[in-house]
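Same chain, two partners: chain A is paired with chain B first, then with chain C.
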Partner chain A sequence: MEEMLEPNEMIIHLGPQHPMQPGPFRLNLKLKGETIMDAEVEMGYIHKGIEKILENRTYLQGITIVDRICYLVALTNEECYVGCVEKLLDLEPPERAQYIRVIVEELSRLQSHLLGLGEYGEFIGFVSMFMYTIKEREDILTLIDMVTGARITHSYLRFGGVRADLPDGFKEKAIPILNNLKKAINDYEEMFNSDTIYRERTIGIGVLSADDAKSLGVSGPVLRATGVPYDIRKVEPYLVYKDLDFKVCTETAGDCFARVQVRLNEMRESIHIIEQCLDMIPNGPIFPEGTPYGRRTPVMRVPAGEVFHRVEDPRGEMGMYMVSDGSDKPYRVKVKGPYYPTLQALPPLIIGTTVADMVSIAGSMDGCTSEVDR
Partner chain B sequence: MAVNIPEFIIPLIPWIRGTVGLVLVGAIFMGGMAAVWIERKLSADIQLRYGPSRVGKFGLLQLVADAIKLFTKEDVRPRNADRFLYDNAPVFMLTSLFLMLVAIPVGAVFINGVEYPLAVTEMDISVLFIEAVSAINIFGIFMAAYGSNNKYSLLGAFRNFARMIGYEVPLGIAVVSVAVMTGSLNIIDITSAQGTFVWNIFLQPIGFVVFFIALMADLGRLPFDQNESEEELVAGWVTEYTGMRFGLVFFAEYMHMILGAFLVALLFLGGWNVPAFVANNAVLGLIAPTGVLLLKTVLVLMTIIGMRWAVPRFRIDQVVDMSWKKLLPLSLLNLVWAVGLGLYLGA
Partner chain C sequence: MDARTIIESLTGKFPEAVSEAGIDSQVRIRAYVDREKAKEVCQYLKDSLQFDHLCSVCGVDYPQRNELEAVYHIASFEHPVVLMLKARLPRDSPEIESVVPVYWNANWYERETYELFGIFFRNHPNLKALVLPEDMIGEWPLRKDYEGFPNRTARNLV
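The block that comes next holds the complex of A and B.
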């Protein structure tokens, strides 16, 4: 990059620490005035070696580690890991546990999208948006806290079930909070749709075509904003998603505005899913009966084999490939996160735009660098 | 402005002006602190927070605590900074603001129904003078950015220049429109001519809108804070500043805001004009006009501050676009209207 500089160009290194970044990564930009001539993403600043750590921990200990892949979506990470082990064990959680899992995972999706929206508002200069969404997110975190006992890293799912049942009075507490959130989402949508400056900053900015998105392997809201109705919860249903009524939210424009709109609609669908679950959830055990697996199984041996399991993360398709050699530790775990491909779509989108648009585009991707590096 | 000044006051006039000036320099610093406090409380209200509430009653002493912090911080200077430019940029900016302060009347007293404006100087072209010294403020910004030897700073300063060139033109034309209608470039004349209720905002609504938007852009407040845009350029042209140098730059921004609010109140909102019965009252005539002006100024200030927390930020090319394609034609239209109105009113 350096050698090809013309006299009126300069290279600016955004990061590893920069206000616009969701985590440390470096974005090397070649600027000509304000225009971005070339862009290059460098990752690896927050590599935690999670895949290697998992090989050296028992299966149960692994749950705590996968929480840390991305602190915003700890529950979906757990679902992916636990799902792998359950496939290897050929174990199906009882209905009640599945419903509880869906509830907490959708709550987790809500809080992740809320934070993403707030951050996006901040990136384009509307600082108050962050405060508005963070206030609603606090309520959602309180709900998650009620169930799992923690706000961010939960260690809640177990092989074949969940650690604890729903607390008493959860439904009564959840319904008003969800109703409030519905109103808040309508407010956000109205705010976004009526604000001229917001529309000027987002409509037609960072347009990703459906073909490009597919060939880069982009998934999640960024892909759905291009018009591709791809959602693991529909394509390859896990848990009880096949019994639940929800639709895959898509937009066709593929720009920043569409990406935010998809997230808003997805939040509505998540609320709808949680409401159904609260109504439909059956009574019963939270662990399968007649199996040795319970909440206290510190050492367990998993049959040899290999398996791939994927779930719908708030950012897209989260997959894990697990190889077991029959011991009490996994032989190999490979994590396929959703944001790594999305980050690869960033440089082609921002070349030719300005620094301000770069922030808008990167923000609308709603990234999590922690999960890219793992 | 010709006023009947009592015989015994004439030798005292320079002393009075000097005293007003000294008081103003102190008052503007206090005003800057008050503006910061207002901003914090108002933004907290908009964002569903409490804002400062621990230091002093209602967090009023928070600013004192901040000032102590800024004064005691290490003065870090980037190794490759241009020392002269880097050190003197805040001083330069403050100087330009004090020059502005010299020409702006901050109130008036009525003695026996005769108006005595409280201004340090009374020059015939004060409006032009204010515009000019307000515009050289930007050289301080460029000095700071160039002296910092930082790419973010430089980008911020370039944005600032692009914006300033775009917005000084409609701002100037909006001011000229007012001056043309009144027939004077003296800000005191312009204010006095408005009377109690016939404010320029009613006579030139388009001019007011143009002036206010251009002023916001001039002050670098959201949605026009591209030069500092935190999420893009870290802190724009102030990136490398710390300690009291940052404090000065920070205060300069708020002082500029206060002076801008004064300009809006004086040029468009009727300034200190009060009904005749108040002006003729011995006690009220001393207090009410200044109070009215300050009240208007604070309201304008709160509008400017509140705007920051309620809208996203424009992109710099959209800002420049808006200036040349929308504000400039509007301001020219307003100039034609002002000339016509001036002829009609004058006839």
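The block that comes next holds the complex of A and C.
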């Protein structure tokens, strides 16, 4: 950002702490009146060095570390990490374990979207939305807690399976909660659609065209809101997603309103996926039989090699690049988070808008700074 | 477009710059690229082979071979193939041409690779620290010979 300012221009530092932000990062805005002339993001307030930590931990210990990349989507992070190791080991989880993983990951997607919607309502002055969504999210977290034993950082996935089977009575408990959530999603949609202030602040704000979105490299709901049906669950199916019926939700407007609409529709699809899984889940073991892998795999050496594995995170495309040298610790792990390119695309999107719109645009990205800094 | 077509097209266009090309699976291909030609190859991938989506740029340190590798993962919105493009760089002068003019979102990835590994990206628009504090530039914490905790911390305390 240029040091010299013209008359009427000023620099405002938004953050590192600001209610609009999903975590600490600093946004330096050059303003002329209320119009944003230039913007710059400063990162690094919660850099944890996760990639270096992973190099100094065994593969099994790594599962606990990747949880902490972003607590909202801990299960998807685990899926990405465990998927990498499974590819290196040439190990496939038994079908029951795959279904359980899909169930918990879709539940995790639901709770992430619910929190994202509530926070977004809060950012643009619709504070009661947060109270509505956090109530439903609590029910979803109870379900995840039932299976994994923890609300946010689970350490639940294992190489070749999951740590524990579904508890008794899970389906009976899950169905009413999901039915309740379906009604709630309709309510949210109606609330959003009928609220004049909300519509004023989102329709036509932060418009991103499909070509721009592709060249900026964004993914997830932000990309799908521009009409590009790009979803790793379809492009590169992992687990049992290829057997499940679900559609990729897209909108065409590419504005803040469309992004929220995509998330609402995705939640409906997630519920649909979970219902199918609960019906289709076969009985059987949760670890591959005839292999040493199980709940308490002691010291494990992974064959040398390298792998790049991608999964669909609630925020978009998540990837991990893992290099193994044949020892019991990964040689190098690169975590490619989904919000990283989206946050990078924020300055070009907000230049030319006003400060008030900037809050709406940044909020509609549904971010997680913890995952960007790692 | 499938993996074999892409590999053939790439090696046919750059017979000298691209080496050790191979197919890992239907959706994963790999190749080494000469570090002087990395940007040209990326431009060709984007223009002719529909690789319009840069997944990530990262570094890997191999002290035994006295090499650093810059690793690009490039994907596409049109086909499911992901290309892993690597460039070998000598450890004492790791320099490579920036691909920001080709892939806009390489900007932060290259900044991060620079501060963590010391790989210098030539003609990068804004090559400075991203997640680390400015005064840690020069320590290259993700290289394998970085002392780190607890040695460094203890020395600082004395």
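Side notes on the structure shown:
Just so it is clear, the second predicted complex is superposed on the first by the 373 of 374 C-alpha atoms of A that agree within 3 Å, B and C clash if a C-alpha of one lies under 4 Å from a C-alpha of the other, contacts with A are read in each partner's own complex, and residues count from 1 in each chain.
Heads up, the rule we're going with is that a contact is a pair of C-beta atoms (placed from the backbone, for glycine too) under 8 Å apart; a residue touches a chain by one contact, two chains touch by 3 or more.
This one's a predicted model, so the numbers in the text were calculated from it and none came from an experiment.
In the superposed model, A:K32 makes contact with neither chain B nor chain C. Contact with neither chain B nor chain C is seen for A:K183 once the two complexes are overlaid on the shared chain. Residue contacts after overlaying the shared chain place A:T354 against chain B, while chain C stays out of touching range. Contact with chain C, but none with chain B, is seen for A:V323 once the two complexes are overlaid on the shared chain.
Of the two partner chains placed around the shared chain by superposition, chain C is the only one that A:G217 touches, whereas chain B remains out of contact. With both structures placed on the common chain, the touch criterion links A:G49 to chain C but leaves chain B unconnected.
Contact with chain C, but none with chain B, is seen for A:K336 once the two complexes are overlaid on the shared chain. Once both structures are placed on chain A, no chain A residue is touched by chain B and, in the other complex, by chain C. If you check the complex, the residues on chain A that touch chain B are 10, 12, 18-20, 31, 33-34, 121-128, 131-132, 135, 195, 197-198, 200-201, 354-359, 363. Considering their complex, residues 43-44, 47, 49, 51-52, 214-217, 228, 230, 235-236, 306, 308, 310, 317, 319, 321, 323, 331-332, 334, 336, 340-341, 344-345, 373-374 of chain A touch chain C. Across the complex, chain C meets chain A through its residues 27-28, 52-56, 58, 60-61, 71, 73, 77, 80, 82, 84, 103-105, 107-108, 116, 129-133, 141-142, 148. Per the touch definition, chain B reaches chain A in the complex via residues 43, 46-49, 151-152, 155, 158-159, 222-223, 225-226, 229-234, 309-318.
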